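In what comes next, subunit A is part of two complexes: it sits with subunit B in the first one and with subunit C in the second one.
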Partner chain A sequence: MTQTDTRVGPAAAGPAPGRARPFWTTRRRDQLTGYLFITPQLLGSVVFVILPLVLVVWYSLHEWNVLAGSFDYIGTDNYAALADDPNLGPVLRSTGLFSVGLVVFNLGLALLLAVLLNQKLRGTIVFRTLFFSPVVVSLVAWTIVWGFLLQDNGGINGLLDTIGVDGPNWLRGEGTAMLSVIVVQVFKNVGLNMVLFLAALQGVPAELYEAAEVDGASRLRQFWRITVPLISPTIMLTSIITVVGSLQVFAQIAVLTQGGPGTSTTVLVYYLYQQAFQFHHFGYGATLSILLFVIVLALTVLQWQMRKRWVFHES
Partner chain B sequence: MNRDLSRRTKLVLYGVLMVLAVPFVFPTWWMVTSSLKPVADIFSFPPQLLPTDPRLDAYQRVFELQPFGQQYLNSLYIALLVTVGTLAVASLAGYAFARIRFRGQNVLFLVVLAGLLIPSEVTIVPLFQMFFKLDLIDTHWPLILVPIFGAPSVLATFIMRQFFISLPGELEEAARVDGLGRFATFWKIALPLSRPALGAVAIFTFLHSWNLYLEPIVFLSSPDKFTLPQALTQFVDAYGGPMWDVQLAAASMTALPVLAVFVIAQKQFVEGLAHTGLKG
Partner chain C sequence: MRYGRLSGLVAATMTGVLALTACGGGGDAKDDGPASLRMTVWSANEAHLKLFNEIADEYRKNNPDVAEIKFDPLPFENYTTTLTTQIAGGNAPDLAWIFENSAPDFVASGALSPLDDTLKKADGYQYDDLSPATLKLWRNDGKLFAYPFSTSPFGVFVNNDMLKKAGQKTPAELIAAGQWNWDTALAAAGATAAKSGKAGLVVRDFDYKGWDNLATFWTGWGAQAWSEDGRSCGFNSPEMVEAMTTLHKAIFTGKALPGPGTTADFFAGDAAMTVTQISRASLLKENGFDWDLVPLPAGPKGPYAVVGQAGIGVMKKSPHAEQAADFLAFFTNPTNSAKLAQFFPPPRQSQLTAETLAKTNPKLKPEQLQKVVIDGITNGTVKPSHSGQAELSQQVRAALDPLWKADADVKGVLDGVCSKIQPLLAK
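What follows is the complex of A and B.
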């Protein structure tokens, strides 16, 4: 590559004196390349994200009976139906319970594991690999095994029985079904948050602990006063990822409980799937999609607002 | 918290770590060992940690009951195609947003970023209708096109952009001064330097496609088109009850190859996802 190609060389950037400025300046060529580079992603976003989002609003204003082939404009009737839906309360309650339970268990366990793995100890890599391994196990495979373990006569109750405890029928009881779904999901993905916390912990300067040690601060105090504030950006990041992810839970519910018993594990996405794809209420399914979108958007905005107040510093 | 620990503290820590590892390791262990047990022993009490009479019957029945080989191939080729496609789309777009100045750049970037705020579950109803109108229901096209160009690739584009921004620009500028065009600069200079980011993107893209469940059950209806997650739930008896030994054999075959790759390349997986994948 020598400097013979003057068309794209810096000399072509300015017009040569006495000559007409060529249309394809370096800058124009560069702009065109930029547009070409982003075209696949931009077109894809418009066709598969923006357009469907517009359509989902449009569908939500229609009564859509697939079997009868009717598609009638009904204004905001679907939204009125949503407000009157006796299932809405239970569904939102299940969704909220799942999200709160997941975030608390997941972040708590992730932080505990990260702190343990951050000690001066041989073989922490082995444990890190073990804790992370469920992340790469196929989600449905993982869920099936837990479903098998949680059967009334399954492995967990078998183990409980050996120590003389009569375990419940986990997936058939109202409270235990939700707990089971949360626990299955926590162990599946806690490894991701764990490695993020581990990276953050390794970034905390050791001098701070040494200074605190000299001042006689206890380990626990050091943890709350030094570690937690310094890794708060990561706590914020992981909590956003985990909350938004928790609202998308579907496979675990479909495989383990089908939303039951009753509606005790019917989270919003599962309800949306039932309405749209099992009962063929596409218009109402679209309305539930809007509700899901509004919740995700509100939570994301709220968390970004909280970040400003709550997070100690921005790295 | 990196302090030298006493011998006793170390022993306690190892004990705690081993207890905590049980729920992470035992399910996989139980899945594989139970799939080797005869049906009569699967729920035996007390639980058998090792099969006393291991056999491969269930593995044979997986292939008799479902076109499992075909389903395996479906999942594999879709995930590979989606991974290659996403790497191409995301690295090009990420590079342009990071390095090239063009009119409307910020607005267009925001349009693309909207995909991060819109979970794919929100758009599943209209996407179903779009592919229905195109007569592409019960084909693999929705599972290939949407991840490569739609919301799932947006995170990849964002990560690639952040990575390209973090690269020192001098090398590329020198190449440009030497007369290398934009594409050649991208292909020969920037892309080889971005291998860690490409690796992380490849890993999470592959896993995302491999794990997809809602989309396949919405878009696919014939068993020979099914992907693995969907196929795993099909092993039921005449009453709809799960055939545990067969399900667990199929689940083991789905999980173990990926786990093996992970154990070999765990450093790339863990550090790639931690450092490049999410911190960006």
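What follows is the complex of A and C.
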């Protein structure tokens, strides 16, 4: 396509007196074409993202009783209820625990696997495929199978039994239930972060290691001083994706524990679902989703701001 | 330039196609023309749906203003959630099956149309034949908001083969000896579990979450989840503490019930006994094990019965509410009620005889029908229900969780349940 310099404004190239300038200039036509191309995507975003976002704010200002069909404006009452909700503290604690657990386990394991599989050894391709394959498996199917394995008389305790260990009741113990949900989620998605880390590791110039070797740096020192700084943009990216994803966990909780035992695995999204769809408090559910939005936004902005401190190339 | 024009054309075409697709569909023929009715049901059982469709086809023959009647099975576990989500999304069905645990919410909300007039006016309906005990849950302000479609008592299904193999007396023998009570039942279950390596007694659908199914147990002690008026908590009453202590011992000491996180399906031959509704008889396999159905064992307060209920209501929002109510009157008239009785015990007194029920329940013996079904419906306590049940139920489930450990402090946990739910009950 021919590109004209669009910085030249109409004022600069004013029409010659007595000669009407055609409406469809190259610039306008190109603009229209561009807009038409993005229209399908734009329509989709407006209908499925922007509009629901605005509606959620609107719903959060109402008490909406689905059964009675009533929809009453109550101002900020739902936000006041948020402050008084005795369940919110434990729910936020569970959410935080899940997120921290997931980020630490997921990024740690993904980086470890990536470093191991970055070696030029036979069979690494097989292992890479093996660790990546859960990413393409259906989330619910994956979780249901793990649910069976984690039962008291399930596969994992059966395996432990053969080596003489009496395994705990994974999904029914307060501590083990959260751990189980985290581990199931880590194994599901660790492959994705692993692949991102692998790509980053392969982009680290080999001569840097050679130079370090000549200077007598140990392998560990090379890792901390060369590898980590050079892949820090990827660490940044994966940590944002993982943190945001961890705050949105739902299916695993719904399938494995339904928020129990007690409320030990009731994370924010699951609590929101309970309030809106099970207890029919749609207005309060909308308020909780705004809280979630604010938390995700704040964490993302925080991470973005902090990148200058530790991401290589950014300072 | 030609390239630019071409891409413009492609973009415009894509947008047009998208706009057309977005506009297409959803063209709803509201009140014009013949009505199309939709009823949400929990059962996807082929035999159930076949019978429903037969009755619907017959109705349509004489009612040309109804073009289609569709039965829409929703999964049992999320039935009420799915239904309310459909209502919230503006996609309410015309008729809906409603469980007893959400009955107070639906009946009091004004979401349902009153049915008295339509049912009373229907030809040969015999409205007065409906047992008043079965209507109670579905009434509000003197009006009936749902038809008590299924009133299904809980009984105990027994795998006689498994009990005999473990050298235990069968419940039939215990009944004959006047010894059928929870002590003997739990002892037999524990001994059979120990011998067979399978499960002893399973309270179906409980699974350490669906706690309202335990009403089949604690009612024998005279305990209840909350008072009759629904305003005060019953979980820390002395009767409840005694009942739950017995249950806790049976699970963790006697191993009569499978522990938390362990699944066992009676109908697949994994357990010696199961407490469930008689409508589950359809799960029994031909030429399977030698089975029996007996009433619930007696508790310290003597014999008792517990029933589960489901009603069918007409949604007020339906554009065809009138036709939907008319169809419901046909669906539940004496003739069709007798047909449906093979799966769903009817509320009609004239049909609650062992003789009538035996015709359509070939799997059950007349004495089983009399003892479990008819006596159960007449004298049974309905499973706990309360307005705002979903929230209440979730709070009870979470507060009861600490009970399902070997070293639990039963009284302490039950006090905890009450402190959690009392504010909700008092609302």
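In this text, the second predicted complex is superposed on the first by the 293 of 315 C-alpha atoms of A that agree within 3 Å, B and C clash if a C-alpha of one lies under 4 Å from a C-alpha of the other, contacts with A are read in each partner's own complex, and residues count from 1 in each chain.
We take it that contacts are C-beta pairs under 8 Å (C-beta built on N, C-alpha and C of every residue); 3 or more make two chains touch, one makes a residue touch a chain.
Remember, it's a predicted structure, so these values are computed and weren't measured experimentally.
When the shared chain is aligned, no partner comes close enough to touch A:160: not subunit B, not subunit C.
Judged by the number of subunit A residues each one touches, B leads among subunit B and subunit C.
Once chain A of one complex is fitted onto chain A of the other, the partner contacts of A:142 are limited to subunit B, with no touch recorded for subunit C. Contact with subunit B, but none with subunit C, is seen for A:269 once the two complexes are overlaid on the shared chain.
In the superposed model, A:211 makes contact with neither subunit B nor subunit C. When the two complexes are overlaid on their common chain A, residue A:104 makes contact with neither subunit B nor subunit C. Contacts of A:171 after superposition on the shared chain: subunit C is touched, whereas subunit B is not. When both complexes are overlaid on chain A, the residue A:298 reaches neither subunit B nor subunit C.
By the touch criterion stated above, A:280 is placed in contact with subunit C alone, subunit B being left untouched. Of the two partner chains placed by the overlay, subunit B and subunit C both lie in contact with A:151. Comparing the two interfaces of subunit A, the one with subunit B and the one with subunit C have residues 1-2, 29-30, 33, 37, 40, 43, 151, 153-154, 277, 282 in common.
Taken together, the subunit A residues at the contact with subunit C in this complex read 1-2, 26, 29-30, 32-33, 36-37, 39-40, 43, 64-69, 151-154, 169-172, 258-263, 266, 274, 277-280, 282. Taken together, the subunit A residues at the contact with subunit B in this complex read 1-5, 8-10, 29-31, 33-35, 37-38, 40-53, 55-56, 59, 112-113, 115-116, 118-121, 125, 127-142, 144-149, 151, 153-155, 158-159, 161-162, 183, 187, 191-192, 195-196, 198-199, 201, 204, 206, 209, 223, 227, 237, 241, 244, 247-248, 250-251, 254-255, 269, 272-273, 276-277, 282, 285-286, 289-290, 292-293, 296-297, 300. Note for the complex: subunit C touches subunit A at residues 1, 3-5, 7-8, 11-12, 14-15, 18, 22, 81, 84-85, 87-88, 105-106, 109-111, 208-209, 259-263, 316-317, 388, 390-391, 394, 397-399, 401-402, 404. Those residues of subunit B lying in contact with subunit A across their complex are 1-5, 10, 13-14, 16-17, 20-21, 23-28, 30-31, 34, 43, 45-47, 88-90, 92-93, 95-97, 100-103, 105, 108, 111-112, 114-115, 117-130, 145-146, 148-151, 153-154, 157, 175-183, 186, 207, 210-211, 213-214, 217-218, 228-230, 232-233, 242, 244, 247-248, 251-252, 254-255, 258-259, 261-263, 266, 269-271, 273-275, 278-279.
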